[in-house]
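Letters A, B, C and D name the chains as they come in the text, with residue numbers starting at 1 for each one.
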């Protein structure tokens, strides 16, 4: 399944870059396929492995933040793999043109 | 922590009531504090118990749906409990009036 | 359509109650049907009137916050009205029992 | 502000590619900066122009779908521009390495 998540530390000021870097360090080291975008990170895998990774990231941010909001969106589709690459390509193919990514 | 979730089966028609009833049956039997609203269900508990419940609901919907989108929002705040009741009451107290719930 | 929204001021500390009260004051005065829950506020109306209200709430929070995250979920279904009451009742009817709200 | 949105037609089957292509055609023609990812589209602009574009996309999907769920996440930060490029670069700079995008 595809999972996008975004972790927002509350009460640590309005600059969140250091916390996001900590999260991405964990994601990048996890070995799961991922893609970072300006509003979140998309990962691909089974429920248990993706949720374990998000739990680890959330807990890491809670170490330095009193309050944290984490938003998770799951798109689970039977019998489909490598959707982290295929979904965008499929849209481009239908439109017959390359899109901004 | 407080967790709101919403499970949307895709490809089973536009009436989702039967699937939502199945989900709420699982939530109501779980023993976790919960509140149903027109757009989702809010539960309160630790990461592992809340995520285990949402996983169970998501998997139940996947049994009858080829594709499912699940949206999860987490609000985790150190040292606070019974926020499922306290958050709304706190807003009402500040405004000095009862709000629609 | 049904619209749930949640406004999170960033960088104003971890206690957000005063900002939420300001938002609910605007919602309560708007005249639109609404229901407050521990994770957000659900309103019902057409696109332009619901989005105008959320814009007003978001702009009010931005007056005292350098950064604000606003999450909006829309459930738009043709030919259905008063869903802010009907959706939950429909689930209860299917289960044959009253649920926590 | 940065805005990510995702439009999910309900009741049109589990393959949503044709609907997503229609949405991306509108986004690509809008002239607003955007980035497509496997779970949504991020756009950058002021409230009125970004919401006008999402409204147009949502209404286009509603033409062929009886029910549509649209999820919108806004990150609004005073005095910052070109964040659609800068946010990811800032994380990479902190980590001293290139990330998957």
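The rule is simple: a contact is a pair of C-beta atoms (placed from the backbone, for glycine too) under 8 Å apart; a residue touches a chain by one contact, two chains touch by 3 or more.
This is a predicted model, so every value here is computed, not measured.
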item	value
Chain separated most widely from subunit D, comparing mean CA positions	B
Result of counting contacting C-beta pairs for B-C and B-D, higher pair	B-C
Angle (degrees, nearest 5) of the CA superposition of subunit A onto subunit B	180
Between subunit A and subunit B, centroid-to-centroid distance (C-alpha), Å	21
Separation of subunit B from subunit C, taking each centre as the mean of its C-alpha atoms, in whole Å	15
Between subunit D and subunit B, distance of the C-alpha-averaged centres to the nearest whole Å	25
Set of subunit C residues in contact with two or more other chains	14, 66-67, 69, 71, 73, 75, 77
Contacting residues of subunit A [partner subunit C, same complex]	8, 10-16, 65-67, 69, 71
Subunit B to subunit A touching residues, read off their complex	47, 51, 55, 58-59, 62, 66-78
List of subunit B residues in touch with subunit C within their complex	2, 4, 6, 14, 17-18, 20-21, 24-25, 28, 33-40, 42, 71, 73, 75, 77, 83-85, 87-88, 90-91, 94-95, 97, 99-101
